[in-house]
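Okay, so here's the structure we're looking at.
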Amino acid sequence: MNIESQDFYTQAILSMSALVGLTSFLMLGQGRLLRLIFVFALQGLLLTLTTGLCAYSLDNPHLYISAVLTFSLKVIFIPWMLQKQVLDMNMHRDVEALKNNTSVMLSGASLMVFSYYVLQPIIHTSSMIMLNALAVSLSVVLLGLLLMISHRQAVAHVVGFMSIENGLFFAAIVSTNGMPMVVELGVAFDVLVAAVLFGIFFLHIRTSIDSLDVDLMNKLHEVDK
Amino acid sequence: MMLFLAYSAVIFSFASGSIALVHLFKPEVNKQWVFLLLGLSGLSAILAGVGGLVTSQIYVDTLNLGLPWLPWHIHFDSLSALFYLIIGIAVFSISFYAPHYTHVTQKDPQSFAVLSLFTGLFIGGMLLVLLADDAFMFMIAWELMSVASYFLVAFDHENSANRRAAFLYLLMAEVGALLIILAFGVMASFADDFTFDALRASHLSTMWMSVAFILALIGFGMKAGLVPIHVWLPEAHPVAPSHISALMSGVMLKVAIYGLIRFCFDLLPEVHWEWGVVLLVIGTLSAVSGILYAMMQQNLKRLLAYSSVENIGIIVMVLGLSMIFLANHYPEFAALGLLAALLHSFNHALFKNLLFLGAGIIHHQTHELNIDMLGGLIKRLPKTSFLFLVGCMSISSLPLFNGFISEWLAFQTALRVDVLDDGVLRSIIPVSAAALALTAALAAACFVKVFGLIFLGVPRSRHAEKAKEITDKRMLAAPAMLAGLCFFFGIFPSSILHLIDNVAKQLIGSNLPPQSVLSFFSIAPVSAQQASYSPPLVLIGALMAAGVCFWILHRNLKTSVRIAPTWDCGFGGLTPRMQYTSSAFTMPLRRIFSPAFLIEETIEKTMRSNTQSNVAQVRYSLHIQDHSWIHLYQPVEQGVNRVAKQVGRIQTGNIRTYLGYSLATLILLLWVVS
Amino acid sequence: MIAVYSLLLLSAAGIVFFALSGHKDNIGKFNTRINGISLLITVILAMTVFNQGTLLSSGKAFLIDSFNVYLIVLTAFVGFTTSLFSEPYMAHEIELGKLTQSRLKLYYSMYQGFMLAMYLVLTTNNMGIMWVAMEGATLATVLLVSLYRTPESIEAAWKYFILCGVGIAQALFGTILLYYAASQIGDSENALLWSVLHEHATELNPDILEIAFVFLLIGYGTKMGLVPLHNWLPDAHSEGPTPMSAVLSGLLLNDALYAVIRNKMLIDGATQNHIAGYLMMGFGLVSFLVAALFLHRQKDIKRLFSYSSIEHMGLMTFAFGIGGSLATFAGLLHMTVHSLVKSAIFVTVGHASQISGTQKMTGIRGLIKTQPKVGWGLLIGTLAIAGFPPFGVFTSEFLVLLATMHEYPWLTPFLLLGIGIAFAGLFRHVQPMVYGVKPEGKIAIKANLLPVMVHLGLALWLGLAIPHFLSDWFSQATLLISGSAL
Amino acid sequence: MNWLMAIIQTALFVALAPLLMGFLKFCKCLLQNRSAPSFLQPYRDLLKLTRKQPVISEDASWLFCVAPYLIFTAMILAASVVPFIAIDLPTSAEADVIVLVGFFAFARFFLALAGLDIGTAFGGMGSSREMTISSLAEPAMLMAVFTLTMTASTTNLSGAIEHVIQEGLILRPSFVFALFALILVAIAETGRIPVDNPSTHLELTMIHEAMILEYSGRHLALIEWASALKLMLYGVLISNIFFPWGMAESFTLSALGYGLLAIVSKLIVLCVFLALAETAVAKMRLFRVQEYLGFAYLLGVLGMLSHIILESTR
């Protein structure tokens, strides 16, 4: 089942999934916040293209709406909001020194292999492409989680969280050509409210510990020193 | 009819509790109703008990409380009837004692309401335990009893020692109840459901039966206060109001014994002699160490609580004997053992209640429970001291009183050991009988100390000096009634023995050996020529002898008695401090049995000026610690704290570690599933 | 079905009303009234379901069957009684100056938002909508946690938000896999509808469903506070206002478990090898024992009872994991009794911390002497939650023990060990707080303790004699869940 | 008729007790080559005491006056139970050996209480030591009694003696052990020399005397008589259980006379041995008594074990 024998549509989907996987890897290793947000916007863009492509090939209308929704949300609104935060806090200059960066990248790769291994049983019920696309989306989710674990900046956590959402959207598009309309709207609404709340919380955190470093927030613990 | 009486006893006790609650909100409801209902509950319990024993039928019923498919099954046979009688007598005497006692000590209505509410619940819980015929209702009644008595132990929760004792008490009750649930669970897994009839029909392998037995023994033993797990008892019982500690010490321990008997003799399909040996050993250990620790106590109520441990040890020892005989196919001697155990629990309930009520009166009049601060009360509280003397004589099993009858029957059971063929058993049992004799003698010594130091001699403190006899007639009526019963059953034991005999008939299927004589005049448990004892004859002989020698000495009484100050060997006045204190009285025994205690003696000398020679003042302090506290309770507590400390490290406070946990669990589960 | 629509519309109206309402002083009254009306609606709904059996809405969007109807009534009831409690509590907080009027309006509108999300989760038939509602519940409560704007509450809210967000995202991935498996067999239009999935459960591809269940279990498990994923729960409970933590531990945890059970019913249909049961049992037992141990080291009263919630959720997961008819009945009963008693306890905890001005347990002393109602309420509530018989918690724990004795006897000692340790942990902290001399300077506060009395009374009634109509309800639900009648 | 016989036997038993005490003093004085008072001296002392006016301390309570009568009655009851001349008398049927121990406990209980009543140091010391020694002696005594009842399979004294008589002269090792155990216990219980010195008032050593220090007049007479009776009881117990030959089984005059002669001779032999022991051995320190009684207990256990292993027919 090599790539040449597939029609144009599946080839496009596969390349798109490869690119999305690449962007999440890029985000993993990124120290600077502004660049991180830019790569996240790129991932949003790729996601919109895949949705558009899928909508075009199956020409059902609601996929177009979800493509527009994703574009406006994931490419325009959230990156803009995050960038404004970073600039207000003028954190765009300091680079987060990622400790043991190589081990994080290696574990990212192993997560990718692991997600392929996990989704192996699905192979005998659906086509090869489905397995690859799903595996990539699972790895995007896992990498998003790894991104949150390895970074100390709150903004990086938000980006990680949003990239997990991207991974989920990608899985939905690829596996079942998008969720039912109601669910699509609900999820988009939740993501929007989450983004707004993140903004509010940035404000509160800055007022309470006047830095967005997550490790400073560990007053609530039960380990007596 | 019996069931009606049994139910009315329970309902009356709950009613007395609820009236106390109503009284809290509407003070015009008369307080006396609470005690009247309590008395009615005691009376109906006595009637139900006696009726159940006389008719010796089994009454079965179901209440549609509890789960729809597991309603509450009620079972009232002669074993529950006997314990109904015990509880009835105790509650009836309490209902006379409590009014004046609570009137004086509990001023504000809120604490009175709490006290009477939980007394009602406590008594109702105990009565329900006796009626239960399925594990579900048994456990509900069992822990209702524990919770209600917890509130009573934590009654005056001002000082922290009471709170600690109450917490320890409830913790032990909870752990005991969990073990009992596990024991029922083990049996139920081989039967179809949780009713006792199903458990009786369940067929377990001997291994599982022994597991169930051990769990039940620890569970019930924890509540009864057998040695290694008894430490909560002397902490919890003394802190409750005295008529409650009388109920708890006298009667609640018996309900635990009832549970043990019901489980071992009734539910388990057959009995093994190894269990009997286990019971025998634990019983002996509890008896000896119980009385040894009782000797060393200064607080009167702690002393009485430890002596309860001793008496429970004796009961469990005799139960072990009866189990050994039952396993070796000698049902008559097993019946004799069971008879001795049940009679001793009956007698113990009587005289322990009497002693605790006496202690309550002493505490009430002198606000002092430390034996070293009392003394000379016999002249100030003549009636109480006479009743307390009767209690002391029966607990140290002197011939004319009921304690002696059950002690005598216990020895008779032990002496029947010659019938067994297993050599090891025939050597262990006499040794444990000797330990029983040692316990009886130590009990006599302990209660000589108690009565001698409290009532005789010269008052050691201002409180003891100012004490006056209580004026309330009803408060004295309760111990007087109990003392009368102790003396009556000491002289005419066959009246109660007939009733208890058909309990053994129902449980083991056989009563005393055929040639046994339980006539009004004398009792011979095995056969007339084996051993017989006729208390009325002894009484008549004693009265005759006393009369004769009194008549001889007072025939030509020329010289009446001369009262003179005590002779002080000529060199200076005698002071009360010269009298023997409790630690002095028990010093020889403490030195002889020193390995049994953890003794910390400290002597501080303060020198006058800087010379090393003349001593201004010497302070001697003695503290006795219980072995099982150091070797059993504290290691468990520290273990749990250490493990909790390790577990606490999960909550590091850092969000990234939490996300790490989430990722790790996800990967682990995915790997497990794939 | 109009009852369901009116229920949802009422709560939605509640959000909007409170958000826009002006500065009325007794704003709490309206909240109580709204919850009261919704309670009435749910009772009517329950009556109809009880007579006519399962209700399916026209567009198959909403499904009311015997399983979730009693949960809806329970949610409405606890919501109503907690709103009764929150009126005086919030008024007192305003007096202390810890809250401004605007934040009070935010509190009430978010309260209604949370109730809307709860009703939606319970009534919806569409797994996607269930996920959206669950996410909505998180969003509604995250603002409540940070209501007091103290650094700790901000930190707790952030952790709550991130951890639950990530957890819920995994649940979404599980739902997508479920949707993928469903769309393989039938038409993709109503592939996410639970009733449809339940009928075709046997044809679904077992492998995909196993992986989907793992994601769903971890997702909703985070919301439920199962041990490795529980870290946000004690922080959120101890920093948020007490009525919120009462509702959170009383209702939100139940709904997360409800979602997991809905999925387990699908997975059990598809896979034959009881894998879902074993996973739940493992998770349940671990969180039961670990939370029991956590109880011993707590210093904050609300953290103590949040760990007790984790412990009880662990026990319920274990009960539903076993899966037999008896265990399921025990789980359902435990759900009801636990939320009743736990919300009652949180009411007394709220008042206790208000009386002594601190949440540190060392600062709370002599409650019975200061305010007897609060003191006795807390003591009896703790006895009930620790599993002492006259109350319902003992009955359900007894049945769980009975079920484990039948299926997995070697697990019972662990359960008993857990119950014993949890009891010791709870009581060593509660007893010093309740007893002792009256600390000077502490005055009794105006408190509405009717909810506590009603809840403990119900729990006592359930413990002593479960009424027939309730036990029929439970047995219908058990038949639905475990497939075998009692 | 045999009720009358029982009463006569008890009366005789009580009457002869002081004579035994007098004979014992007589032997000790001979051994320590002092001039000995006549055998009847104890009777004269008792008579003198009954006539003297008893002086009672003001701190004493009613118990102080009642205790002597109770102690004396208990001893009389014990005397009625122990077969002195004839066996299977009606009174011996009403109580067995455990009840006998009970009577001793009854007497000791009241003696100790009387000691504590006045509130002086001596009384407390005496009671404390008496109770300690008696609680150590009880298990040893019971072990000796156990061996006897195991062989005769009855706890009734006359039944046991009858059993031993019917069996005739069989040398049983268990009986030898039991005999020595009972002798050691008897010495401890009656307060003879190695454990307690009856004739001293030195506060360090006296146990029995310390309790009755405050008594005078007829009360002292009763207590002295009771302790003499106790010594006689132990003497009769030892002689009749282990050497029962010569006891009267029927109530003919010759059998009774012969029985009386047998018991008197046995008591004389015992008295000589006791006097020899008392002069040869010095009084032990109080805390050596626990080893002394531990040894007695060991003897009892050995007796019981030898019965089970060597002699039992199983």
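Which chain is which? They are A, B, C and D, in the order written, and residues in each are numbered from 1.
Keep in mind that, in the parts below, contacts are C-beta pairs under 8 Å (C-beta built on N, C-alpha and C of every residue); 3 or more make two chains touch, one makes a residue touch a chain.
Values in this document were obtained by computation on a predicted structure and should not be read as measured data.
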Look at the interfaces A-B and B-C and say which one is made up of more C-beta pairs in contact. B-C
Express in whole angstrom the distance between the two chain centres, defined as the mean CA positions of chain C and chain D. 79
On a C-alpha centroid basis, what's the spacing between chain A and chain D, in Å? 101
How far is the middle of chain A from the middle of chain B, if each middle is the mean of its Cα atoms, in Å? 70
Chain B to chain C: how many Å between their CA centres? 44
Can you tell me which residues of chain D touch two or more of the remaining chains? none
Give the residues of chain B touching no fewer than two other chains, as numbers and ranges. 645, 648, 651, 655, 659, 662, 666, 670, 674
Residues of chain A engaged with two or more neighbouring chains: 118, 121, 145, 148, 157, 217-220, 222
Following the definition at the start, I'd like every touching pair of chains, please. A-B, A-C, B-C, B-D
Which stretch or stretches of chain A touch chain C in the complex? 118-119, 121-122, 125-126, 134, 138, 141, 145, 148, 154, 157, 161, 164-165, 167-168, 171-172, 175-177, 179-180, 182-183, 186-187, 189-190, 193-194, 197, 201, 204-205, 208-209, 217-220, 222
Listed in rising order, chain B residues that touch chain C in their complex are 64-69, 110, 136, 139-140, 142-144, 147, 154, 157-158, 160, 163, 166-167, 170-171, 174-175, 178-179, 181-182, 185-186, 188-189, 194, 640-641, 643-645, 647-648, 650-651, 655, 658-659, 661-662, 664-666, 669-670, 672-674
Quick one: in the complex, what on chain B touches chain A? 645, 648-649, 651-656, 659-660, 662-663, 666-667, 670-671, 674
Listed in rising order, chain A residues that touch chain B in their complex are 114, 117-118, 120-121, 142, 145-146, 148-150, 152, 157, 214-215, 217-224
Of all residues in chain C, those that touch chain A in their complex: 126, 128-129, 131-132, 135-136, 139, 142-143, 146, 149-152, 154-159, 161-162, 165-166, 169-170, 172-173, 176-177, 179-180, 183-184, 188-189, 191-192, 205, 207-208, 211, 234-235, 238-239, 294, 297-298
